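Right after this note come the structures.
The two complexes that follow have chain A in common; it is paired with chain B in the first and with chain C in the second.
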Partner chain A sequence: MLFTSYRFILFILILFILYYIIPKKLQWMLLLLASYLFYSIAGLRYLIYIATTTLSTYLISLRLNQLQSEQSSFLKEQKDSLDREGKKAYKASMKLKQRRWLVLCLIINFGILAVLKYSAFTITNFNGVLNLLGTKPLPLIGFVLPLGISFYTFQTMGYLIDIYREKYPHERNIFKLALFISFFPQLIQGPISRFDDLKETLFSEHSIDGRNISFGLQRILWGFFKKLVIADRMLIAVNTIVRNPEEFQGVYVLVGMFFYAITLYSDFTGGIDITIGVAEVLGIRIRENFERPYFSKSIAEYWRRWHITLGTWFKEYLFYPISISKSMLELTKSSKRRVGDWLGRRVSIYIASIVVWLITGIWHGAAWNFVVWGLLNCFFILASQECNPLYERFHSRFHIRHTFAYRLFQVGRTFWLMSFLRAFDCYRDVGTTFQMYSTLVTRWNYSELFQGGLMQLGLTIADYIVLTAAVTLLLVVSLQGRSGSVREKLAARPFSLQYAAYTVLFIAILILGAYGVGYDASQFIYSQF
Partner chain B sequence: MEIIIEILSGLHPEVDFETMDTLIDNKILDSFDIVSIVSDISDEFDITIPVEEIVPKNFNSAKALYAMVERLSEE
Partner chain C sequence: MKKKILIHIGAALFTILILVLLQRLLMPKYISTIHEGNLIAEYYDEVKEHEVIFIGDCEVFSNISPITLWEQYGITSYIRGSAQQLIWQSYYLLEDTLRYEKPKVVVYNVLAMKYNEPQKEAYNRLTLDGMRLSVPKLRAIKASMMEDEAFITYLVPLLRYHSRWSELTEEDFKYMFHRDTLSHNGYLMRIDTKPVTVVPKGKKLPDYRFGPNSYDYLERMTKLCKENDIELVLIKSPSVYPYWYEEWDEQIVEYARENELTYINFLKYVDEIGIDYNTDTYDGGLHMNLSGAEKFTSYLGQLLKEKYPLPDQRKDKRLTKIWQKKMDFYYAMKADQDEELKEYGYLKSYGAVAQSIEEE
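== the complex of A and B ==
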């Protein structure tokens, strides 16, 4: 069920009404029912996957908790009889037992994800090797990816790792855990929530709160505006360019990159606005996933502000566990001895970064273009980290670091660098992407653009006027957001002004949304990841 | 404590680690710095810093780092 479909709007309207008229203690159960209903509409057979993830995580979290309780009782009982070494050895043996259960659960759940998402990619590449050896290729197996599997698997495994690390107590009620895993607004494209963040408001009782409802509906409206007025309209031009690489080269590649940057931002943040807005109406707080990423001054900063919950997940559950693992620290130590301190201390950071970015790449899709995209992001982050001393020298010599013009340059540089890298996502093919890069210098057709070129991209003059106005509004709202919540600022204005602003937004969505008879709003880009 | 200040100053000589207590909150230390700090502290104090200890409250100041090192050394 698309967020932008009439069915979804009807679905949430009914849910909102039921949610506030039933006894409060039943609210979370209603959400569970609604989430499973939402999921089953996508396909009843997919329920088996989410149910397996829920059940395996629940049972293993129970086992982890049992082992942790056993350990603390034993240590309390043996407080005086065991020496420090004895306690250490006992703790290590208990940790090993817990780790085995954790690994089993990780294998089950990441295994499901890997088989469903990466089988075709793996077999295709394996067949490539078999072909070179002159052997008969293996038959291709393709699975339809269950809705939101990449998101809920990461969220659930994050929960289990937290239980293993004893960050917070496990959830005793399997149905509450099931709701945490399947909560429908965030099922399609995240954010990837943490259990301790979400549980307070997800399972608590909520009374009707005018502010929550009004703020939530505003956020939903803003999300629809970004998705329907900007993203879906601009996507037409992006698709025209990237699906016809023979025809649209040179300056069009540049236009495609620029348009895709706006499309992806409006699409993804629009979807997250709807998610957070729906949750807000229900009185549930979901963590923000973006912090004006296009105002970032470096790629590293961009990744701290774009899809924040995925970046945090990778940092907490992959980057640190790899980079500060015993074996990696040993490697760092020996590298420092062999190649010196400077290079030695970088070994673990480089290895962990490459692994993280490789996995970030294939998380986005089972294809080589995503692998290359991930590794290039890694390269630029590490390179810019290494160039920091150079930048520092440059800044101290020229004293321009805090000037507006230089900050603008940094923001523009980051925006374009990220847009260039995203071409791998647009063209979905490594060779074509490099070929299109090369046409930026070989096809010198820059004047064509304003001699009718823009009109060949599937958009009319009216579309360009709408897009210019809408993107300007988006930019103004983002700029305003730097000094605090825009909705709070608007709420402080007279009611008539607020009413007028939201009425205009609503009418704009109705009139200017990229739909019409026979038109079906596009699926959210991130829902396919 | 001196050793910890020395390790931190090696990474960011411009910061006053005696007083600064928002090293993570103010994004002075990034994840690469944290890996270097963990590696140096593990070497200097011969302790293992488990990944669950990598939380802002343990890395926000030199004092917090020292408290973590002391606690882990006693365990």
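== the complex of A and C ==
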């Protein structure tokens, strides 16, 4: 069910009404029912995957909890009889048992994800090798990816790792755990929530609250505006450019990158706005996933502000565990001895970063373009970190101050660098992407753009006017957001002004939205990941 | 608190008013092009006292002239026809019509029996947008929707036509609140001529049987007429194209026989009617021009008059007054088309675009 479909609007309207008229203690059950209904609309057979993840996670978290309780009661009982070494050995053996259960669950769930998402990619590449060896290729297996599998698998495994780490107690009620995993607003494209963040508001009882409803609806409206007025309209031009690489080269590649940057931002943040808005109407708080990422001054900062919950997940559950693992610490030690302190210190960070970015790339899609995209991100982040002292020396040598103009330059540089990297996502092919990069210098057609070139991209003058106005509004709202919530600011204004603002926004979506006949109803870009 | 609620209600009503105005502005007006789009809505402005109602596709609204029926036989009639009107739409339009009046005779042109499934969103719109909100309309929408259509867009057409904001013309503002009548009791007049050059031969079809959906609605129509003591007459209008297969004809003959209905395939009476395909069609045989329509209507009227109790209404002064106005409008349009034809060599403002769409 598309977030932007009439069906979804009807679905949430009915849910909102039911949610506040049923007894409060039943609210979370209604959400679970709604989430499974939402999921089953995408395909009944997909329920088996999410149910398997839920069941395996529940049972293994139960087992982990048993082992942890067993350990604490044993240690309590044997407080005086066991010496320090004995306690340590016991703890280590119990941790090993827990780790085995954890690994089993990770294998089951990441295994499902891997088989469904990566089988075709793996077999294709394996066949490439077999082809070189002159051996008969393996038959290709193609699976249809269940809705939101990458998101809910990561969220669930984050929960299990936290239980393993004893960060918070496990959820005893399997149905509550099922709701945490399947909560429909965040099922399609995240955010990837943490259990301890979500459980309070997800399972508690909510009374009807005018502010929640009003703020939630505003957020939904804003999301629809970004998705329908900007993203889906601009996507027409992006698709024209990237689907016809032989025709649209040189300056069009730049235009494609620029348009895709805006499209992706409006699409993804629009979807998250709808997610957070829907949850807000229900009285549930979901973590923010963006913090004006296009105002970032470096790639590292950009990744701290874009898809925040995914970045945090990788940091907490992959980067840190790798970099501080026993084997990595040993490697650091031996590297320091062999190649010196400076390089030795970096080995573990480099390895952890490469692994994280490789997996980040693959998480986005089972294709080489995503692998290259991930590794290039890693390269630029590490390179800019290493070059930092160089920059500082350059700045001090030439007296470059961190003025507004310089910060603007940094923002522009980061924006374009990210746009260049995103070309791998656009063209979905490594060779084509590099070829398109090369046309930026070999195909000198920059004057073409304003001699009718822009009109060949499937958009009319009216579309460009709408896009210019809408993107300007987006920019103004983002700038305003730097000094506090725009909605709070607007809420402090007279009712007539608030009302006018939201009515204009609502009408703008209705009239200017790229939906209905003549437009392809497009799914959110991140829902493919 | 009360004041706050009132402010919110007022604000909501204001928004609804804006949306209604926007919807009126953005909906197509069908004034200078695609006149067919106005046919269904025009009926509601009528004095609804008709003895004969015609339902069906372009073969009724192009080929039959209610003015001729009145002039020659004193029969009051109305055509609830629309472009590529599918049989379920015809059925629900008949249900809709029966909410307002009870005719003695309903004439249904059977060409649309060949369509068992919805065909094209654009044609659905030409029929359904003009219908007033009613249970028959809701059912007609449900029966007509293509897979990728949404029901709500028929109830709130703003959702369908919102993107017309960039192509609004003066006409959209001018006709926001009123529309000119373009038809003559549902008849769309064309006086120009484009002779039939090739009499098309039907391509072989894999299956000539009409679909179950078509039969279902034909049966419903038959039942509805019987329940309301209305004589249902099935006709095939004398348009030479789209091709009417003998196998199709046999099925309708059989259906009419089983249900004791009258069925007349007028393609078999072309000479008797006096139709000359060199002079009586405006698009090579798909639709009659005024000359052809008047000849056909004259012949059809005679048959209706002989077979059904349709007294001459011209003695009724009130009706005569109403129909005189209609006749004045009819002849004024004819004169206007004559003039336009002389001036430009073609009918500039009477459906050239509509014709090209029909021919697609």
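As a convention for this text, the second predicted complex is superposed on the first by the 518 of 529 C-alpha atoms of A that agree within 3 Å, B and C clash if a C-alpha of one lies under 4 Å from a C-alpha of the other, contacts with A are read in each partner's own complex, and residues count from 1 in each chain.
Here is the rule we go by: a contact is a pair of C-beta atoms (placed from the backbone, for glycine too) under 8 Å apart; a residue touches a chain by one contact, two chains touch by 3 or more.
Small disclaimer: the values here were computed from a predicted structure and weren't measured.
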item: Clash or fit (per the criteria above) of chain B with chain C on chain A; value: fit
item: Touched partner set for A:332, first chain B, second chain C, both or neither; value: first
item: Chain B versus chain C as contact partner of A:348, first or second or both or neither; value: first
item: Which of chain B and chain C A:512 touches, first, second, both or neither; value: second
item: Chain B versus chain C as contact partner of A:385, first or second or both or neither; value: first
item: Partner chain in contact with A:409 - chain B first, chain C second, else both or neither; value: neither
item: Overlay on shared chain A, then closest C-alpha pair between chain B and chain C (Å); value: 43
item: Chain B and chain C footprints on chain A, overlapping residues; value: none
item: Residues of chain A touching chain B in the complex; value: 88, 165-167, 300, 304, 315-316, 319-321, 323-324, 326, 329, 332-333, 345, 348-349, 352, 385
item: Residues of chain B touching chain A in the complex; value: 27, 30-32, 34-36, 38-39, 42-43, 48-52, 54, 75
item: Parts of chain A lying in touch with chain C, wherever the complex brings them together; value: 6, 460, 462-463, 495, 499, 503, 506-507, 510-519
item: Chain A-facing residues of chain C, complex; value: 7, 11, 15, 18-19, 22, 26, 121, 150, 152-153, 158-160, 162-163, 165-166
